[in-house]
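Starting off with a structure, shown below.
Chain lettering (A, B, C and D) follows the sequence in which the chains are written, and residue indices restart at 1 in each chain.
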Amino acid sequence: MTQRMTRWKAFVVIGVAIAMLAAGRLQAQLPDPGLEVDRQRTAVVIIDPQNDFLSPEGVTWGLVGKSVTANGTVENIEILMKTAKTEGLPVFISPHYYYPTDDGWKFGGAVETMMHGIGMFSRQGALTTEGFEGSGADWLERYKPVIEDGQTVVTSPHKVYGPETNDLVLQLRKRGVDKVILGGMSANLCVESHLRGLLEQGFEVAVVKDATAAAQVPGLDGYAAALTNYRFLASTILTTEQAAKLMADAPESTD
Amino acid sequence: MTQRMTRWKAFVVIGVAIAMLAAGRLQAQLPDPGLEVDRQRTAVVIIDPQNDFLSPEGVTWGLVGKSVTANGTVENIEILMKTAKTEGLPVFISPHYYYPTDDGWKFGGAVETMMHGIGMFSRQGALTTEGFEGSGADWLERYKPVIEDGQTVVTSPHKVYGPETNDLVLQLRKRGVDKVILGGMSANLCVESHLRGLLEQGFEVAVVKDATAAAQVPGLDGYAAALTNYRFLASTILTTEQAAKLMADAPESTD
Amino acid sequence: MTQRMTRWKAFVVIGVAIAMLAAGRLQAQLPDPGLEVDRQRTAVVIIDPQNDFLSPEGVTWGLVGKSVTANGTVENIEILMKTAKTEGLPVFISPHYYYPTDDGWKFGGAVETMMHGIGMFSRQGALTTEGFEGSGADWLERYKPVIEDGQTVVTSPHKVYGPETNDLVLQLRKRGVDKVILGGMSANLCVESHLRGLLEQGFEVAVVKDATAAAQVPGLDGYAAALTNYRFLASTILTTEQAAKLMADAPESTD
Amino acid sequence: MTQRMTRWKAFVVIGVAIAMLAAGRLQAQLPDPGLEVDRQRTAVVIIDPQNDFLSPEGVTWGLVGKSVTANGTVENIEILMKTAKTEGLPVFISPHYYYPTDDGWKFGGAVETMMHGIGMFSRQGALTTEGFEGSGADWLERYKPVIEDGQTVVTSPHKVYGPETNDLVLQLRKRGVDKVILGGMSANLCVESHLRGLLEQGFEVAVVKDATAAAQVPGLDGYAAALTNYRFLASTILTTEQAAKLMADAPESTD
């Protein structure tokens, strides 16, 4: 009841906001619904925390390295995961792997084609770990203690960019999670596709803008594109510091 | 067999390209896989060709009008649809509607919240046409002859931004379509979510960059974000003129 | 915490049960997880409450009429919906419609082909109500007061059998619903596909076995098949009376 | 054009059939659309060819063993896969695995609860093969040469019963496959959910009734339920012998 009334009050505010929008002040006035963290229903979800994106040895470092360094992405992803653990929120990882049989794909978009061409996220098979340790598909070394703590949920790999081809949504739902704090790589590709995919499935999503990064080259700034789209799509945009504070300040559950 | 060999040759080319990418020449070198039009397997898909986006009377004209006008979006969508009809390719429309019961939604991202607030795409119910004619949710008047020709497939409404909540994918598959020429509104929201959603489902997608448009306000250029992401995601980016030529030049099917 | 402990105790019980299963006592011993009704998170979902299934004038009455009559399906669906309303639980309807353009589908399974052949659930278009009133696609007349009360959520039509092609999942999620009490038509086709589809999306589902019915002809008993599969798949199977009592006995929410 | 005409002729036949249906002769008269095998577009898909279902050592043998033996399921699955290889059709495997973190799931239906309780399909993690060899989650030993030939596509595990939580649909689409010959375990659970899931995605599916089996215990015959539902849902039902002949007789592709 109260929730509904608050909502209608929000709409009056929005009504005014819209009048301003028409005057070109969208940035300032676009609603920012925010995300209230409920420890029983909120998770940190990290996309592709793998060497091929985050290590200077990774195959895309020439494209994303500057953005990763500028944002402090490597450190911020770690802070997000560790804060979640400290505060009792579950952590989910959605990785990206390609197997030899995926070479049989007959078509793909631009970056898909590129990823296959450069052997990004390449593994020797779903049922072997041969050659995996330390490869571009493996976790960044510093993340291993937290990802391999026995509690972190590692989903099956997504195979294009979003959660449509893996079990992330089910894993979240099976634990009653419906709010997501989202980070990882890369900002305008897999992170944004996970954002969009989760919205279609009825999740509330806050994106952590400095716990991600993207390809930035002359004439094509993936990170700027992502930031623009996050502003339109997400419940809210946070810094890592803000996300950590939201988690720490969340009231203890009464369940 | 030939296909596979061609593919591997492509990979050598890509390998070289990647080396250049690392040097910052992504724009020039990112693969552009292209889209071969096969009349039996290709469709034109148009998102939200509705007054609230494309008419000066629509509720978002203050945000998108400049971009719609600059691109010639209204005319280009019409050209795409008419060319498809002339060339015998099917046309699919994925519209956006909200019903009174949707006011019961308890949360939403920024633009979702805005859309509900301004009554965008509002209809009085799924099973009534009361008040629909000429409303913001109705087709742009000039599109009606082609959309209502009895052949155009109008899907159920998408309810967030992408095809996950309607029957577009099924409608395409039930006709053997696996290649899509995509246009409509708006560029970085529903068009891009349809692009991403279709990629996850294994379609080849070319986006027509002047048959779309987006909100552009100081500090937040939805159209620029869309163009950047299309370049990464799609099989190729076309102008309306290029798309029309591709359709016209497609060989007759031998089936 | 308590929840987890209870769960492990359940597993010990199950362990014993399994030993018995191997001895052929599956029916008695297969776990019956049950469904606790929480008024804020539980909905009644009714599939295809339409004349073509439930009216003696409907096109499938010759196939399903005996089962509908034997189960009291028509009355039980009404009781379920009305009890939900009385108890403050939301009601969702997932209907089945075909439009003239759906005749362009190039293939379909056995019953799909039959449905198109007999004009089942036929409407003249998604954007017209011409000829709808009282047709096989329309609601059973006695359900109209409750379905058309302005609160019942009517989703877009499913186009095969399950919720994959409409917005049912989103509509439930946007209201925080994660438990479903399921009924409607027909038992082994659309109801069972909705059951399976909702399980894949992480819902808890109880099926109401006398608020459904199915085609029953010599050598092919759809209702028996459905009952068997419900027992394997669902959280629990209820009678309408049990479902009504569960709703009535649910504690008031403390939210 | 011809296709459409044939289709309408089929409908006249169906019209007559329906009149007979009303007279109770559904079994004989329900349309059987059939499946034409096109070598470029057809695949054999096998569900859960794993020890826990198919080996006398598996945890469910007490439930399914009699049905597996009666149908010759183990041999027939092998024949299907080998025939596909000989005839140049691709083979896809959709396995079922549970990892330790899946113990964190808070709810599940009856058989889901049972599976977790008995440690069915249990692996020590997605990124380890520790203890996998010869376990209940491993392939039946005799299938290994064909599944591990480097060509067979092994998808990510499905996590409930159907393909919604893995990449099977994408893997098929990325190779242009839109027709499926389906077998594996168990008939009324994962095989039927894959059948239903593939239908929702616009595939044509033939089920091979003796390349599957199910739990059969007094009062609960999963195999009978599956056969009934296949008849309603699938394009056609085949024996292994018929499926092998269809593949062998398929014309060489002209592509």
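FYI, contacts are C-beta pairs under 8 Å (C-beta built on N, C-alpha and C of every residue); 3 or more make two chains touch, one makes a residue touch a chain.
Just so you know, these numbers come straight off a predicted model, no measurement behind them.
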item	value
Subunit C and subunit B - chains in contact with each	A, D
Comparison of A-B and B-D by number of C-beta pairs in contact, larger one	A-B
CA centroid of subunit A to CA centroid of subunit D, Å	34
Subunit B-subunit D separation of Cα centroids, rounded to whole Å	35
Mean-CA-position distance for subunit B and subunit A (Å)	24
Shared-contact residues (touching 2 or more other chains) in subunit B	106-108, 160, 164-165, 169-170, 174, 176, 200-201
Arrangement of touching chains [line / ring / star / complete / other]	complete
Subunit B to subunit A touching residues, read off their complex	3, 10-11, 14-15, 17-18, 21-27, 30-33, 59, 61-63, 106-114, 116-118, 160-162, 164-165, 188-189, 192-193, 196-197, 199-201, 204-205, 215, 217-222, 224-226, 228-229, 231-236
Subunit C-touching residues of subunit B, taken from the complex the two chains share	90, 99-102, 104-108, 125-129, 132, 150-154, 156-157, 159-160, 164-167, 169-171, 174-176
Parts of subunit A lying in touch with subunit C, wherever the complex brings them together	169-170, 172-174, 176, 178, 200-203
